[in-house]
Amino acid sequence: MNAAFYQPVDAAVVPRFAGLSTFMRLPAVASPVGLDIALAGIPWDGGTTNRAGARHGPREMRNQSSLMRRVHHVSKVAPFSLANIADMGDVSVNPIDLQDGLARIEAGMAEIVAAGVLPLCAGGDHLTTLPVLRAVARARPVGLIHFDAHSDTNDTYFGQNPYTHGTPFRRAIEEGLLDPRRVIQIGIRGSIYDPDEHGWAREQGIRIIYMEEFVRRGSADVMAEARDVAGGQPTYVTFDIDSLDPSVAPGTGTPEIGGFTTREAQEMLRLLDGVDIVGADVVEVSPPFDVGGMTALAGATMMFELLCVMAANVGRRRATEGGA
Amino acid sequence: MNAAFYQPVDAAVVPRFAGLSTFMRLPAVASPVGLDIALAGIPWDGGTTNRAGARHGPREMRNQSSLMRRVHHVSKVAPFSLANIADMGDVSVNPIDLQDGLARIEAGMAEIVAAGVLPLCAGGDHLTTLPVLRAVARARPVGLIHFDAHSDTNDTYFGQNPYTHGTPFRRAIEEGLLDPRRVIQIGIRGSIYDPDEHGWAREQGIRIIYMEEFVRRGSADVMAEARDVAGGQPTYVTFDIDSLDPSVAPGTGTPEIGGFTTREAQEMLRLLDGVDIVGADVVEVSPPFDVGGMTALAGATMMFELLCVMAANVGRRRATEGGA
Amino acid sequence: MNAAFYQPVDAAVVPRFAGLSTFMRLPAVASPVGLDIALAGIPWDGGTTNRAGARHGPREMRNQSSLMRRVHHVSKVAPFSLANIADMGDVSVNPIDLQDGLARIEAGMAEIVAAGVLPLCAGGDHLTTLPVLRAVARARPVGLIHFDAHSDTNDTYFGQNPYTHGTPFRRAIEEGLLDPRRVIQIGIRGSIYDPDEHGWAREQGIRIIYMEEFVRRGSADVMAEARDVAGGQPTYVTFDIDSLDPSVAPGTGTPEIGGFTTREAQEMLRLLDGVDIVGADVVEVSPPFDVGGMTALAGATMMFELLCVMAANVGRRRATEGGA
Amino acid sequence: MNAAFYQPVDAAVVPRFAGLSTFMRLPAVASPVGLDIALAGIPWDGGTTNRAGARHGPREMRNQSSLMRRVHHVSKVAPFSLANIADMGDVSVNPIDLQDGLARIEAGMAEIVAAGVLPLCAGGDHLTTLPVLRAVARARPVGLIHFDAHSDTNDTYFGQNPYTHGTPFRRAIEEGLLDPRRVIQIGIRGSIYDPDEHGWAREQGIRIIYMEEFVRRGSADVMAEARDVAGGQPTYVTFDIDSLDPSVAPGTGTPEIGGFTTREAQEMLRLLDGVDIVGADVVEVSPPFDVGGMTALAGATMMFELLCVMAANVGRRRATEGGA
Amino acid sequence: MNAAFYQPVDAAVVPRFAGLSTFMRLPAVASPVGLDIALAGIPWDGGTTNRAGARHGPREMRNQSSLMRRVHHVSKVAPFSLANIADMGDVSVNPIDLQDGLARIEAGMAEIVAAGVLPLCAGGDHLTTLPVLRAVARARPVGLIHFDAHSDTNDTYFGQNPYTHGTPFRRAIEEGLLDPRRVIQIGIRGSIYDPDEHGWAREQGIRIIYMEEFVRRGSADVMAEARDVAGGQPTYVTFDIDSLDPSVAPGTGTPEIGGFTTREAQEMLRLLDGVDIVGADVVEVSPPFDVGGMTALAGATMMFELLCVMAANVGRRRATEGGA
Amino acid sequence: MNAAFYQPVDAAVVPRFAGLSTFMRLPAVASPVGLDIALAGIPWDGGTTNRAGARHGPREMRNQSSLMRRVHHVSKVAPFSLANIADMGDVSVNPIDLQDGLARIEAGMAEIVAAGVLPLCAGGDHLTTLPVLRAVARARPVGLIHFDAHSDTNDTYFGQNPYTHGTPFRRAIEEGLLDPRRVIQIGIRGSIYDPDEHGWAREQGIRIIYMEEFVRRGSADVMAEARDVAGGQPTYVTFDIDSLDPSVAPGTGTPEIGGFTTREAQEMLRLLDGVDIVGADVVEVSPPFDVGGMTALAGATMMFELLCVMAANVGRRRATEGGA
């Protein structure tokens, strides 16, 4: 398509273990201007209530993303030909001060959004999605397709602390960043604190699909519903790596057995094709708890899956506009 | 239900990484008196013929059980509201003397049983189930629902040694602890020593469901049969972690590929609801061979699944008897 | 059958952790003469473009194969009773000189083939299959049933290097070692370099079954087609461990998520029963990237599955010939 | 020699892998009243600027402390006969709110100090020492013998954040908790931000002994100076595990090569005999970065070394007072 | 010297990762007849009171011994030219029955001793040394040079069990296998159960050199005393890998910080030159607790050091007797 | 000090886990022009005869170098103020073709040398030093200060292969790249193939200091001799990470126990101050065999030590020239 688009290093020329480590082996750029999609790291886990480490997620997902190639083998989407994509580096963070950390992440994302660029982020813990939504949904609420073992709509922890990786979507709804009737959560499972733990979420209108319902219905049926919920309107996609089974994603803060296989997750992400994705992230990859890099590899591949559907959107839009 | 029941530490108050490590973050108690269900460790692997390490299983299952919460997300059972449950610590063992080890385990279990308390044990290798059965089935034989890759009904090893983790259920039948017509083994697989290796078991009346039959029939059908076999009579449930696939349970002495996913195992354990469980265990978690704690996490979660069905029984019985 | 056949060490006499480490605990022999099937290691990864380490594969597969027993629990095949099988050790290799390495491997295999013995090899990276085919298909092209995440039919790397683990089957077809119309590749997946990356293979007549087609059709249907493709003629079977999902086989050079479960792979290998297998291998097990030995265990078990179908063939042939 | 003192579980009766995991296998108690020395965990790493994980330190040091026995083999001190010692559990923490975290730790420590009990703490990152000092030095400044690779007297990070694990001793001096002329830092090394990085510390009167000076002078000479600096007055001892070489303590947030051997560290701690220790800690053990538990073992053994010198003080005081 | 002696595989011909894994890459032989020194494994840890795993020691020491070459770089001793040496495989063991295990090990060793061959053994836990001594010292007591963190002269465990890896040398003295006045223990350290824990040993006449005395005196002085204690009479040498510091030998059952560096251990073993060594072992290498194979590498190298001094003795004796 | 020099990212502003991973957190640049010192990776291990993996060394040394700061705490050298330094990325390599690999590395280095820039390289196996020397010593032979466990002056392997990581310095002398009378090797140890293995090296005039001589003499004395050997003439410094003890550097292809502590190595590198270093490297860091990143951390710190002495030279030269 456009020869001027950034291209990844060619693994038949430079071996995968060589060269600086960037997302998908793309060039690192300092400004989002001119990009269609910005790959950005959010190395922050200040909201983690138990096992920290997601601050190291972006670096390891960059490392493992060296295994990605140029074309999706099923959809045949070639993202780097359809859209201008680069590694924007990591946004500024603050590991010591929670509020300052949230403000910095929002500022970094706002710069990308202001440039009309779609962010595809590598977290970080799930609280990092809150400041991303503050940037992405500044103008109006967005929908959310949310893959996770946990609803993350709790209220407070450790006294009255409202900001943890267990609360981002409650805060996002309270702040008007999400339209709760356009929010769907898929893969929820694991023991809960209270029989009515998900009551608040349901009252807001959030659709929760427990893992057991997913197993019964399968990817195609569930994703048809997800697309209905998204409703053709601007939608954010957030993929918590703990939605995957610990057998393939042990390196995360709150593992829950009985999760998605990578095959199921890939099927679902491919069925996002055509959804109006205004931003996306893969979060909660925690390298200190990983074994053999397998969690980071899964995370990097999920980023590639998301990138392909986002780039296909860009390509279609450009084709419509007569461009590229 | 009963405010006097022991309660786990609240993770929204005390983080999961803090505090002493007990099963499900429950109080540690010295006596079973007053309990409905006793969580007890059996740190012993004296019957292990190959890779030892299950002696370290209880401690690591305690650690990983800090990730459990209070309510089952599917059945909505809240075990700590339905039953009085605590961590009884570990029974006395002897790592050097096999017969003394068996005697000590039996004595520890007999104390629990004598108090009218249901034991839910964390092994230990599978030979630990034999002395537990000696305590539980002292009065009369019980049924057995047995999840495992191996039948564990061999006869002798290394000369004429009758007591190893490959022989407990043959010994239990010989000792009259099990009614073989009420024994079902699910998930059996892996290469065998002899084409007729399971002949003795079948002759006794044991129902063996190989993994291949399970795959064909599915959880619901298999568990319907298991409930039939149990026959509404007192039944012990033993869950060998090597029934799970090595992808999620590598930390065990005798891994066999092609095992259960955790999802399948959870489905089956949930279908034990209503079975008259007189005791249960999760065995063969071997931390020295584990990676990233995933096997111990699977083991701890299986204990939680078992605990929920056992507590539901207690709750029903209490309701029938006029309540807690 | 034949009491003179080599037998594995009995684990009820000598524990699995004891004794020298050979494939399946069989005797190590210096010559193939008198064998039906030779288990041989090919400790070489000179064709690896990214993460090396498959040179250590044979040693670790030997270690893990100590967990194998004597009889297949489904087919009831007892390979060591049906065929004379031993560990031939490792063929000569050269880790420094690629062409000399290929020549040495071919020579080692040719010795086995010349003795009328079927080789069952433990690689090594996938380029090791090329010199094996040079020995096995010296007289005429063979068919190929190929389990892999990657087609391995690329042309050149790093300038014009034609020999890497991404190119063996293109070279084998060019050299007339494979009949491309009798080649089937199962499990192909993962991002690709070019939308037409598999065009050359298809033009030759190779049948490629992507993972997504496999998921749709299932093992039985796919293997029926594989048997059709093999067409009752001499066929080589190559099992790249990266066809398995990284959850069970992280220790490999080019992991791709979304792979086969071991259960699916075992189902498929069992359905090779009756195929005229003239040789087979399990490749790309890379111990330095493995965790907890699980990849080597999977590899060793796949060797056992292949051994059983190969030995059943030998047994039938012998029965027909009135022999053994 | 008071038979009423708490005693550790006897490893010749209960194997080390059995039983609940407490510091030194001592009983867990809820109140400090009646103790001489309280072993307490501080599971908090909210001040960590790079690799978190010290929040998991107390649990793993408890695990590894199961290898401790009853008597020091050099000094022959039998701490559990000289002093009443128990595991107080972990103080309350807050992983999300830094200031609340500091306040909770101080409150927990103040309870111990108020009971006239000496705290021996397991961190936690090095910022945890600040709230401990706030409790211990509430009445008047104390001296400090500080083993570390880093001076931890920096001013601010990430904007103007004054509280990190790189700043506790600057804050402690500013708050009047430490008498800087009675502070000695031993083992400082590693690259620095600024040629005058330690200028502020020296201006306050802190004595810094770089690793190179230690190597030149040896343990005995250095510790003679440390005792001079302590000056026979109340002194706190803080042992950062990163003072040890990464070969024996890889599991820490900021490893620096060229550190102490455990032998050197043990020599130094033994030479604290007679120093008026009012409290002590071992900090920065970070299990997610540990390998084989070796860092936690080193940390637990350093706690035992400190316990022996503290208990000897108690014993002497009691003997003088005519007591025990 | 003698071209007929067994020679190791040449690593400039066959890479170290290739070929079957034997001690020092020597041929595996079935009978000791004709050997001067037999390398034998004792895969047994039935006496282990805490962390088992030494049963896997011989296999991993074989693996790591592939890094050994032919000539000692300091003494220039070429063991395979001076003596006929081979890998005898592992002696028969019994992981389930302690007394039968001891009997089998003794029988295996007795066969070697009866052939006039010197055993150099790879354990196994330290209790394995007892049956070796029963074979080696059948005729008359021998002396002992013993490198260890622990004296291993305790009496009983877990009730009245007299046989554990904490008691072998007390039993050996009681059985008349050792002349206690010719026993020296070097490197003893770590906390103890009782102030007089080593009193019994000293009363027998055993010379105990604590680590602190070693540090003060150095290798040369200590080994001069060791040679005096051995007194030019037949002496057994036992090297417990836990005498080394955990930084280099984490993979052992009872690690104690503050141990020997490998450099110090090598110095000491080299100073055994000329001692009349009638057998030797390296014990307590526990692969499940090892990291990166470093403990097994240390163990294999210590075996090579011992082999060189033993082979030099053989060479001298042969030269005296008129040659090989 | 030149404000225009490249500066590392400030860790008090951007946490060490954030941002792209470059050597010392310096900017990545595409051309050497304008630099004084170029940090470059050589991700290649084509000469490795046993355990490969050094190809992954540069990436992991970049990761661990994020722990470096700006000023040397002993010499107070501030390299980034004295010299213009940047990360040049990795040179081009070829993992499949040895001769092409050597040619590419030489070409990459020649570009740096041609720009008048000093290369400081991260290997790669030790054969990578040969093409670096071809670039650095193109005009005339240089001296060599060589830290290593192995002399690497063997002749051929696996038939007549002259290029392996065991032969680079023999080749370099044959090619006239090194003046053998100005070559010193420090730390040589470990078993050898032949009593006269180092005879060729010594005949050329190479000075070999075995580890035992180093232990006897100490760093200061040995380095005084090294400086004499270098003779004030242009000298290359090569640091094989296996010169360090496996306790701190397990992640390498050919570990040898009894090596340098990091403290000793740092002392020696600091004593290079004033030597006319024309280039330097740290080689043989093999991440697949590393544990906890400790080998890469040691490697990165050795690079920092070398950088400080090289930058001090640049600073002095500039001061003399009236510059900077």
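Order of writing sets the labels: A, B, C, D, E and F. Residues in every chain begin at 1.
Keep this in mind: contacts are C-beta pairs under 8 Å (C-beta built on N, C-alpha and C of every residue); 3 or more make two chains touch, one makes a residue touch a chain.
Note that the structure is predicted; figures quoted are calculated from it, not measured.
Asker: Starting at subunit B, what is the smallest number of hops through touching chains needed to reach subunit D?
Answerer: 1
Asker: Using the touch definition from the top, list the chains contacting both subunit A and subunit E.
Answerer: In this structure, the chains that contact subunit E and also subunit A are B, C, D, F.
Asker: State the chain with the largest centre-to-centre distance from subunit A, centres being mean CA positions.
Answerer: E
Asker: Expressed in ° and rounded to a multiple of 5, what is the rotation angle of the C-alpha superposition of subunit B on subunit E?
Answerer: A turn of 180 degrees brings the C-alpha atoms of subunit B onto subunit E.
Asker: In whole angstrom, what separates the CA-based centres of subunit B and subunit F?
Answerer: 56
Asker: For subunit B and subunit C, let me know how many angstrom lie between their CA-based centres, rounded off.
Answerer: 38
Asker: Among all residues of subunit C, which ones touch two or more of the remaining chains?
Answerer: In subunit C, residues 15, 17, 49-51, 55-56, 95, 157-158, 245, 247-248, 289, 291-292 touch at least two other chains, as defined above.
Asker: Viewed as a graph of touching chains, is the assembly arranged as a line, ring, star, complete set, or other?
Answerer: Looks like something else, not a line, ring, star or complete graph.
Asker: If you go through all the chains, which pairs of them touch?
Answerer: A-B, A-C, A-D, A-F, B-C, B-D, B-E, C-E, C-F, D-E, D-F, E-F
Asker: Within the complex, which stretch of subunit A touches subunit C?
Answerer: 11-13, 15-17, 67-74, 76, 78, 245, 247-248, 261-263, 266, 291-294, 297-298, 301, 304
Asker: Flag every residue of subunit C that touches subunit F in the complex, lowest number first.
Answerer: 45-53, 55-56, 94-98, 100, 157-159, 161, 163-164, 288-289
Asker: Which of the residues in subunit E end up touching subunit D in this complex?
Answerer: Per the touch definition, subunit E meets subunit D at residues 49-51, 154, 156-158, 188-195, 197, 210-212, 215, 245-248, 250-251, 254-259, 289-292.
Asker: In the complex of these two chains, what residues of subunit C are touching subunit E?
Answerer: Touching subunit E from subunit C are residues 14-15, 17-22, 28, 41, 43, 55-56, 58-59, 62-63, 87, 89-90, 92-93, 95.
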